[in-house]
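Pasting the structures here.
Paired with subunit B in one complex and with subunit C in the other, subunit A is shared by the two complexes that follow.
What follows is the complex of A and B.
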């Protein structure tokens, strides 16, 4: 799949449902500077979602799908959980894996794509909840990092098993009492970003999804570093408003509070020297490109 | 040889897969008609007469012919449109396999996870699947056979479908046109379309045009 192929056959285009016609006409496939700011002015790559009203995961999905640098050549690998309810609705290729083996599948997929399409950039992105990433799939997650597999792992951290009613997960904070964990958690939240760093990830970021600009930047960094250097990891706080006793409107406030100074989700980034070099180079290139585009635009206006 | 016949349903809530009942796929140059292996030419005539005898003949084009992922897909789409016009038959698309929430608009689309809704709503009695990926077609064909009385035809680009009431294999634009030729020939022989008069809907980015 590539952006040239996201067109309809002429013979049958006029019977296609409107949402697909809109997708072809206004989605940002192939746009170099696509990002969260396109939301509202272009067709999003998520049609609908079956998450709860006000769920921060749905916000995270929208920002991520809007910010992928190469959606037409990206493949998501998902796992069991709330995220798996969303994947059937997105207009990006995706695979649902068994609970926990998402990084193993992504490893094989990335290697196969590199062989099958040696002259194309194909991004693989794992997107799973904390249960799949940290508890059930920690072995596969870490082994892929040890092996320096070139793909991005995103963990939607809602600090429990939300989809099944609120069981304790490794990323739950110490002492938290959930519906299905009535005695409270006895040990600390697993420090996966630190583990990721020690396991060989080159770019790691932990943040909430309250600020779309930050999510976009972290995602783009993670994908570009994974493409060129090695594994990357994003941990995004997407609280389950139902399981922590909040209302639909309160997800954003919860994220903002948790990222205040001293909070659990103050934005943290770890960037290896190699990755930093790449990020700086890409930023310089982008700056030059934007400057050239601006100059060309000015020249065009003047000559007109 | 199996005594089982792949007839239009409703067969049961969970119909057996035709393969498990001994139905085999046709070899190249052949088709299957209700499970019986027959020459492809016989299949064209059978399908043409079946379509012409239907009150609501419908073609369900799938993603492989709705999306222009290669030139052959575009040619198939043109051939499908010509066939639909020749019959005449309704065209109802299966644009992809995403579930439709909160509910499918059964009048203008079909989804493999609940194809029976579209068939019930439109009272479709003969349909043809074309350009639907194998696994989704198998799923949909079995649901249709299980819960509806619709006769299913698969114009399959691979090895055919046991779960369709009749199936072609190795579909090409030329084979679709051959089916159209068979329709025209049957009409010349005096077979009249029994289709209830209808107007094919047209869609735009903002919705239903007509």
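What follows is the complex of A and C.
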């Protein structure tokens, strides 16, 4: 899809809602260097959200949507949970079907789109919570990696089942007392990044969403590698402030603390050799493009 | 029941697809269903039900098929894989379970492909959560259900119990009696399910082994013809390919709302799916020559059946006729939409309505009891289950016993 496809006929323009008018006027569809810095100065692809005040998932959503390299041809696949409450507000097509089958849906979707649009890039991105990714959907998550399906899986890791009221999940820390873990969780946090590596993912990053630049870079790497090589996985710590007893304004501090040296969310990346080669090539191309743009700007200034 | 109307020359609205009349990469010509089934000469072929499924898929212009092994559909699913290797399908792979397979099928359908898959028995139940999701998402996926037992201890034998579980999933359900039915239903099923005013999934069902693993003569159109491709932009909901503007679907997700708007949205959507099933009648009646077939329905005793129970009933009727007992027959082709008015009309003169079934629950008898007046006329049986065959003599014996006609010991099947 191009930006032209979202433009309105004159006859309908006055009855379209203001957020759609804004989308046509100032969305960053088609902008090559779009990123988190566009937030606040251009139309965001997320309008409002129905998450709790201060929920780190809401800011993660904004960073991700602002950083997608190709939103005009990106389809999201979600799952049941807090994330599924946000997707209806997003100006990118998204599928919510069942709880836990997101990587199965994405497998069929990506393959069908690749066949229908052989000359066009159609990115598919899965975004689901840790219950959907690691517990009920682990089979389908991993099988899509085994099969080398070419899409990105993003897990919003809030270390519990938030939407149903704070029950134990596989990504919860050992010993944490929660609903359904009345004496504390008695096994370790599932090491999904390591499992992802063994299962065939080519780019894996685990981080918090405290630093937007990092999130943007990891997302872009993940999508470009998935597009060209094979499956990629991002695990983003988005604490459920409500269920871990924090205040609305404490989400950022919680993330920062957890990524300090020795913390369980110190940023980790795994990049296969093939993926590294691609990332380096893309970085070199980006550098050359910026250099050329700068040179052109200088030339223009001089000639003026 | 639909009003009687003059039948147009075409059984169903002709496809307007731009590829109609052109050739695909396998050299098959995209051909309208009216031509394929009602104008082109057919040739006989002798093959198993599984081979018939393969043959139908070969000419169905299927985009994606996802497979998972389970008896008795494994052979058909593997044969479709061979078609893929030959180049007849665009995508084919083995999923990891029926639950996953039906999700993968949904993904491909969301992405605009025509999708076909097969399952059976426990696989149908494992996949179950997906079927109402397919219907609610308006995905016209076709699943061929080669029915088999669902019970513990493990059974792989024929049994039609799983159809009972599918009744309220929001899918169209067509029940094939023979391999010929199965071939016709698969191809016609795509066309009906994909109509813009229908656009819901379809389960084409057959009795496992009895149909899948036996050979029969089937009349086939030439396989250098194939159905027109699926057009995802005729769907009543947007295709998920970002080729039409993404809209904010709602200001607040309904799941968060406990109010009348939320309730009525969900309720009306369920009603709409059922209305779509009913709207399929007008297409189906012409394509299948009615939702039921009837024979001698002026008789006092009538058997009403679907699937291979119809074949067994035909033979039982012949045996009873030899003894001077005259029995009529109603063959039900579509379980959803359920031909309630047709059945009421066909059985209005009957004093006794027997419903033989290959399952213990007697779901078809319940459906019929729910719609005919004076339903004490409906006799739910005979039933067999767990893989038993239903010899025509058993049906004869049941009817005679019910009518109070003495059954000679030599007639009894022990």
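Convention: the second predicted complex is superposed on the first by the 302 of 304 C-alpha atoms of A that agree within 3 Å, B and C clash if a C-alpha of one lies under 4 Å from a C-alpha of the other, contacts with A are read in each partner's own complex, and residues count from 1 in each chain.
In this section, a residue touches a chain if its C-beta (ideal position, glycine included) is under 8 Å from a C-beta of that chain, and two chains touch if they have at least 3 such contacts.
What you are looking at is a predicted structure, and each value in this text was computed from that prediction instead of being measured.
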Practice task
Based on the superposed arrangement, let me know which partner A:75 touches: subunit B (first), subunit C (second), both, or neither?
Solution key: second
Exercise for the section: Check the residue A:47 against both partner chains and state whether it touches subunit B (first), subunit C (second), both, or neither. Expected result: both
Problem - Partner chain(s) touched by A:6 [first = subunit B, second = subunit C, both, neither] - result: both
Exercise for the section: Classify the contacts of A:89 with the two partner chains as first (subunit B alone), second (subunit C alone), both, or neither. Expected result: both
Practice task
Could you look at A:20 and tell me whether it touches subunit B, subunit C, both or neither (first, second, both, neither)?
Solution key: both
Practice task
State whether A:246 touches subunit B only (first), subunit C only (second), both chains, or neither.
Solution key: neither
Problem - subunit B or subunit C, by number of subunit A residues touched - result: C
Problem - Residues on subunit A lying within both footprints (that of subunit B and that of subunit C) - result: 1, 5-6, 20, 47-48, 50, 88-89
Problem - Residues on subunit C engaged by subunit A in the complex (per definition of touch) - result: 63-64, 66, 90-91, 93, 95-97, 99-101, 103-113, 115, 129-130, 133, 137, 238, 240-253, 255-256
Handout entry: Residues of subunit A defined as touching subunit B within the complex
Key = 1, 5-12, 14-18, 20-22, 25, 47-48, 50, 88-89
Problem - Residues of subunit A defined as touching subunit C within the complex - result: 1, 5-6, 19-20, 47-48, 50, 72-75, 77, 84-85, 88-95, 97-98, 101, 104-113, 115-117, 122, 139-140, 143, 147
Problem - Residues of subunit B touching subunit A in the complex - result: 61, 65-69, 73-74, 76-81, 91-93, 95-99, 101, 105, 108-109, 200-207, 209
